[in-house]
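The chains carry the letters A, B and C, assigned in the order they are written, with residues numbered from 1 in each.
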Amino acid sequence: MTIDWGWIADHVDDMWSTTVEHLILTVIAVTVGLVLSLVLAIVALRWRRSYAPITWVTGVLYTIPSLALFTFLVPVFGLSLLTAEVALVSYTLLILIRNIVAGVNGVPAHVIEASRGMGMTDRRIFLGVQLPLALPAIIAGVRIAAVTTIGLVTLTVLVGQGGYGVFILRGIRRQFLTEALVGTVLSVLMAVAVDVVLIVVEQWATPWSRRRAAS
Amino acid sequence: MGDAVEPAEGGVVIDFLGEVAGWFADPANWTGNRGVPNLLLAHVSLSAVAVAAAALISLPSAIYLGHVRRGGFLAVSLVNIGRALPSFGIVGVMYPVTLAFALTRSPLGYWATLIAMILLAMPPMFVNAYTAIRDVDPALTEAARGMGMREGQVVRRLELPLGLPLIMAGIRSAAVAVVATVTLGAWVGYGTLGTYIFVGFAQGDEVLIFAGGLLVAMLAVVTELGLGWVERRTDQTHHGRRRQGARPLAISDEVVATRP
Amino acid sequence: MGEAMIRLEAVTKQYDGTTSPAVAGLTLDVPEGEIAVLVGPSGCGKTTTLKMINRLIEPTAGHIVVAGRRVGDMEAHELRRGIGYVIQQIGLFPHRTIAENIATVPKLLGWPRARIEERVDELIEVVHLEAELRDRYPAELSGGQRQRVGVARALAADPPVMLMDEPFGAVDPIIRSALQGQFLELQREVNKTVVLVTHDIDEAIRLGDKVAILNVGGVLEQYGPPEDVLREPANEFVAEFLGRDRGLKRLGLIPIHAVDLEPGPSLAPAATPEEARQVMARHGVDWIAVVDGTRLLGWAPDTALVGAATLGDVALRPFRTVISHDASLKEALDAVISSRSLAAAVLDGDVFLGMLTAETIGREIVQ
């Protein structure tokens, strides 16, 4: 049981193109998921009672294995990008919504009171005060969502998409360790890379969180 | 297939669901090697063994480290790695690996899936148990020691009971992840509920695919709800668990496993 | 005094499901340029009242008029942009620099950028903040510095009215006293109409041009200048609230320079010990102070005068109980009590103005 380095060397081009496919699938899922979650989070923040039902539905979507979601969607959308993306997006909603809501709720009450007292409108307060201050929590959620999505994208090969799952599936079919390993390792590398990038983004977007009083 | 919604669409959906219902009603699907009970049993038993094994391996060390408050970095790393590992990949890699160490008496796919599932289940169980023990109010442990409890007693009588809900949460999330991922065992030759999906894809049989997915989904939900109920029963402080107040999921927080 | 800048007319606030109102029919005028302090025990509705002025809380009944306009008739956001609002925890935006924080309301009002920058720098100076803090974030500042930024931010758009809710509550007593002093100086320059809420009666007395003592349920027990309230509390409740040391508190309001000082047992250096003994006898003390023109040279006890020709020949000891003429009588009394001689020398810089004893101070309370 050894690793076939020659095979790896021969398939570098394949790996690049698969990387691009994998990345695209991930980016679409996380972006759409984030947009949807923002909308739902705003609804939940505005109408407090809706938070429980929203969490319940997204919770169910989260519990249902993606594979099972694929099976529900295939009769409807076939072996298509849509099938894959709908399942991937559903998985991100719970985490993102929870983090957005918690982040916004975590903004200190006296900051909000001062904002209102100064005559800021609710919209201005949300966009200019609550969202920016909720960024750390939101980005934490995006990190988790992104990393898990990257892992899940490996499954989309089963519904006709590309990505690292291609290597894993072929590795299984041919009982070829190297190929399956390559698929797995590349997926982990991408997850780590994306995580690091998002950490950097967070640092860049929240310059105030790094500075502390001298005393 | 089916992107434009036509007036007849509704009828098509009903028909399809009817077919699925028909599949469930067909007694042939409930008998034999490919029957629901058989595959369900295989699925559940493998899951249970994996969860138990993972618990046996990770819980003692997690509880110990949590008690002495060391190894936090290990816990965080485990979470991050666990989250980054694709479950499909682990199963896929385990297959040829176990092939190399061919254990002939058991089905090959069984060991691949089992080992992969144990690896999958360990991070959330470890981290949740570690956090559960570590986060017990230090004032309480200090009081306990002050009363003359020995270290082992502090763990057994104080930290474990108080930490139980969170430990259960880790077990629960690991269990749901395992139940979901065992489905993939079908792809490496071990018969589970995933077999319906696997065969369905191979034969282009949408009803079979759907039925398989439905079974897996229901099993996952039942596991989640069932173990959730157990978890709530273990909460001796009678506070709502902290997830009632939405706290943001930090990277090392509330660890949930990755799964398909 | 100007005419009323802020007028509360029978303002009432009752929350749903409660049996008694938080504020019941409060009527109050705040003249322009004055600081009105709302003070009282918890539950007296002082903060509720304050927040009704800028409509963070809407009154159930009654009207509030600011600068001639009913606040209910204006758009809430517009109203608030014309009123400075300072709260106890300050509420600085953690994600904005000090300069950006201060610039908040001018930006909301659409001021041109240059004018905003100028105003920010001006205010930073006015509240005595180090100019280099301009581009730092709130987390990098100390509590006292943040407090000052809060005040600067409230003053940014130069509103005629300021509302302050326990503005100095979150810092330690030493800094609080300094901030209070700075605030009074500031008010001398900017002359805002201020409504300030506090639970600290001493702060109310120190800062207020008028003090409103509120009882539970927003009942106005007394409203007037602090000297009047201290001298003649309207009822038992007010007297209790002011505290047993009401008399001392009144002394705190009287500056020394408002009182006639006497020279006390003092003589020029040329005087003889014989003259000194006469003076000492007259004052009933056993020591004499030596004053050359307007300079206080020191003092000597009776026993040290033996054998000296004039007071100038005696070895003098330094006068330790010395107090500045712009201190209050209360501080003077404290100094007097802790001195051996039971007298304090009052100086304006180096110039000796006279002395205060416990007796002379006590006379002021009676008046």
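Side notes on the structure shown:
Note that in this section contacts are C-beta pairs under 8 Å (C-beta built on N, C-alpha and C of every residue); 3 or more make two chains touch, one makes a residue touch a chain.
Note that the structure is predicted; figures quoted are calculated from it, not measured.
The central chain of the assembly on a C-alpha centroid basis is A.
Of the two chain pairs shown, A-B and A-C, the one joined by more C-beta contacts is A-B.
One inter-chain figure worth recording: chain B and chain C are separated by 66 Å, centre to centre, where each centre is the mean of the chain's CA atoms. Chain A and chain B have Cα centroids separated by 20 Å.
Chain A and chain C have Cα centroids separated by 56 Å.
Only residues 54, 56, 76-82, 85, 87-96, 104-105, 108, 136-142, 150, 153, 163 of chain C touch chain A when the two sit together in their complex.
Across the complex, chain A meets chain C through its residues 108, 110-121, 124, 129, 132-133, 206-209, 211-215. Taken together, the chain B residues at the contact with chain A in this complex read 1-3, 16, 80-81, 83-93, 95-97, 99-100, 176, 179-181, 183-184, 187-188, 194, 197, 200-201, 206, 209-210, 212-214, 216-217, 220-221, 224, 246-251, 258-260. Residues 1, 51, 60, 63-72, 74-78, 82, 95, 98-99, 101-103, 105-106, 137, 140-141, 143-144, 147-148, 150-152, 154-155, 158, 164-165, 168-169, 171-172, 175-177, 180-181, 183-184, 187-188, 191-192, 195 of chain A touch chain B in their complex.
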